[in-house]
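Each chain carries a letter (A, B, C, D, E and F) given by its place in the written order, and its residues are counted from 1.
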Amino acid sequence: MARLIEEKDASEEVRTVYEDIKATRKTDWINNFWKAIAFHPPSLRLLWTQVKQVMAPGALDPLTKEMIYVAVSVTNNCRYCISSHTAAARAKGMTDEQWAELLAVVALANETNRLAIGYDVPVDEKFLQE
Amino acid sequence: MARLIEEKDASEEVRTVYEDIKATRKTDWINNFWKAIAFHPPSLRLLWTQVKQVMAPGALDPLTKEMIYVAVSVTNNCRYCISSHTAAARAKGMTDEQWAELLAVVALANETNRLAIGYDVPVDEKFLQE
Amino acid sequence: MARLIEEKDASEEVRTVYEDIKATRKTDWINNFWKAIAFHPPSLRLLWTQVKQVMAPGALDPLTKEMIYVAVSVTNNCRYCISSHTAAARAKGMTDEQWAELLAVVALANETNRLAIGYDVPVDEKFLQE
Amino acid sequence: MARLIEEKDASEEVRTVYEDIKATRKTDWINNFWKAIAFHPPSLRLLWTQVKQVMAPGALDPLTKEMIYVAVSVTNNCRYCISSHTAAARAKGMTDEQWAELLAVVALANETNRLAIGYDVPVDEKFLQE
Amino acid sequence: MARLIEEKDASEEVRTVYEDIKATRKTDWINNFWKAIAFHPPSLRLLWTQVKQVMAPGALDPLTKEMIYVAVSVTNNCRYCISSHTAAARAKGMTDEQWAELLAVVALANETNRLAIGYDVPVDEKFLQE
Amino acid sequence: MARLIEEKDASEEVRTVYEDIKATRKTDWINNFWKAIAFHPPSLRLLWTQVKQVMAPGALDPLTKEMIYVAVSVTNNCRYCISSHTAAARAKGMTDEQWAELLAVVALANETNRLAIGYDVPVDEKFLQE
């Protein structure tokens, strides 16, 4: 089980990242993921920079990004990631109905992926031209 | 490589599904995936019923559903599925910028999934209550 | 692409394994997988010993074992493995109809696996007792 | 953790599916998977239709189908799915010896899949012709 | 949960393997993995032979081999395997800093794998020649 | 297939990253992966920063890092990634013998991962204390 670095025990370097996480997310709470990665401060800094940039509003809205995150986490069977990103998606407005449809699409995609792989379906000319 | 059942060679049972695919998608074209599954008509019928229901507009819009499909297909490394659903997402309005952000989120999620798994991060109390 | 060690170029050590493969399978043909692994003779010997034991008739018949092999290979998206073990299953009597049902079960299992993971379904007491 | 819809709390729509599950399986017990999916009745109905058709006796017998299910679930690391389908396979006659051989084939296939992928073994001409 | 065969309950055949494990590893302790596999003695014998050969010092040193094992186990999300091989790597000298860097590389590789797959990057001529 | 941004067609922003890649790697060659990611310059910059930091010599030497990269890429079945990182490992001194042992460990780990998952082996007390 991960050793978690609590805020009161954090080095100056780690605390700076924690403060930026709290400011960016407008919360006073740090979830366990960051407390675990803080074990290796260079990873913490690098990763937070990346998450902050990739998950910011852009051509895709933040809720769509969170739902894509959940889709990958379910496919990879990462319990922590499903829990944290489902909570994040809910905080951004995901309804129960949307969550159920998200899982239905993820499940369907995992099913049809194996049919395409098993039957070894050749990619249509038309898709290659695009 | 899959044996593909072309429309002209299709049995009555298969043709009926092909016609419904074309009517539902407002196209006169059947992509290879369906021609491969047609090898086993009961699978073809069952699968088309499922795809038609799950991918229909609902609490999630069709473009979001296609992007979730692409996220799963990239994670599973299914070339056919990435090609066909990227084309479908583009047909539903996905821009180049959105596609690039979609891949960035998928890649980030695959990265952080392994950090959460490797560090064995315990699920926060707060996530369990929700 | 793998460097393949053809029979005429094989060392004594490799040739001995090749001969045993041909005798065991009652064929005069070595498929590419073994010619690739022959690059590292200790791996070749160890692996052939293992395949010979695990795939031999036992509590499960050889055709069932081949179909389980295909199920794993489709789930892992290994093209070579799907091709070679589908051919082996056909050689052991798998019909077209059985192949289609095999793929349908593999696809369904991949779908429901993601629903069980996504909804985080708790294992029933009854299953734990067994 | 999934919210489970118990029979006494089920809507008419959900209850109808539950009754069909019990009748089809000749049991008076609904396992947690269905109680979790019942959260989204359209998914419940669609999925049960699919499971009922795909897992019914056909060109493959029900025990073989359950073992294929277990093979996929072990490869995907889905704890719930392994537990429930191992129990189902046992109920259909799988012996301890068969279970051990099933796991041995699944493990071997996962091993050789990576050797075929790592060495990038080209598919033999002979397999392509078939 | 696995049925574990303790040393005192082991058959002659199983005990012989247990003794070889203890002698090879210079320990008087058998970890649960072997006690679980002992359920099927032919698998136990075959697997121990394989582990003993593959993990022995060779062209790669034992610590590097253990870290490769951890990399695969994190990617596959196998909790038991991560725990046991992280412990083994630590026993062979892996420092906290090395562990953190190992996880950082595993996470990065999982990220860039999905970018290469998603963008469908063609293999460079130069890599094919090598 | 990815659209590749060649150096002569690169924007100022992309060219700056390309120059840093060439300077850091002491080469005048950019491999296709970077030319594909250049489609989205913010991803290119962020990713190169990350790769440069994570793959730099640290507590683990660069060759060990490349071999860990190959282990993950084989497990994920990413052809491009296996090709490019095997080439990189060779350039850093990996011998044929080391490559063969690397694949043998990756294959073994994928095998035993499924046995640990299938038998549901409980983590030993001893591993939890560490």
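Worth pointing out:
Just so we're on the same page, a residue touches a chain if its C-beta (ideal position, glycine included) is under 8 Å from a C-beta of that chain, and two chains touch if they have at least 3 such contacts.
It should be emphasised that the depicted structure is a prediction, and the values quoted were computed from it without experimental measurement.
Number of steps on the shortest path from chain D to chain F, with steps defined by chain touch: 1. Distance from chain F peaks, on a Cα-centroid basis, for D. The mean-CA centres of chain D and chain E are about 28 angstrom from one another, to the nearest whole unit. In this assembly, the C-alpha centroid of chain A lies 21 Å from the C-alpha centroid of chain F. For chain E, the set of residues touching two or more other chains reads 1, 39, 43, 50, 54, 75-79, 97, 100-101, 103-104, 106, 108, 110, 112-113, 115, 117, 119-120, 128. The touch graph of these protein chains is complete, with an edge between every pair of chains. Chain F contributes residues 70, 74-75, 77, 79, 82, 103, 106-108, 110-115, 117-120 to its touches with chain D in the complex. By the touch criterion stated above, chain E contacts chain F in their complex at residues 1-2, 4, 29, 31-33, 36-37, 39, 43, 47, 50-51, 54-55, 58-60, 64-65, 67-69, 71-73, 75-76, 78-81, 83-87, 90, 95, 97-98, 100-102, 104-106, 108-110, 112-113, 115-117, 119-124, 126-128, 130. Contact residues of chain B toward chain D in the complex are 1, 42, 46, 49-50, 53-54, 128.
The touching residues of chain D, counted against chain E in their complex, run 77, 96-97, 100-101, 103-104. Those residues of chain A that touch chain E in the shared complex are 39-40, 43, 76-78.
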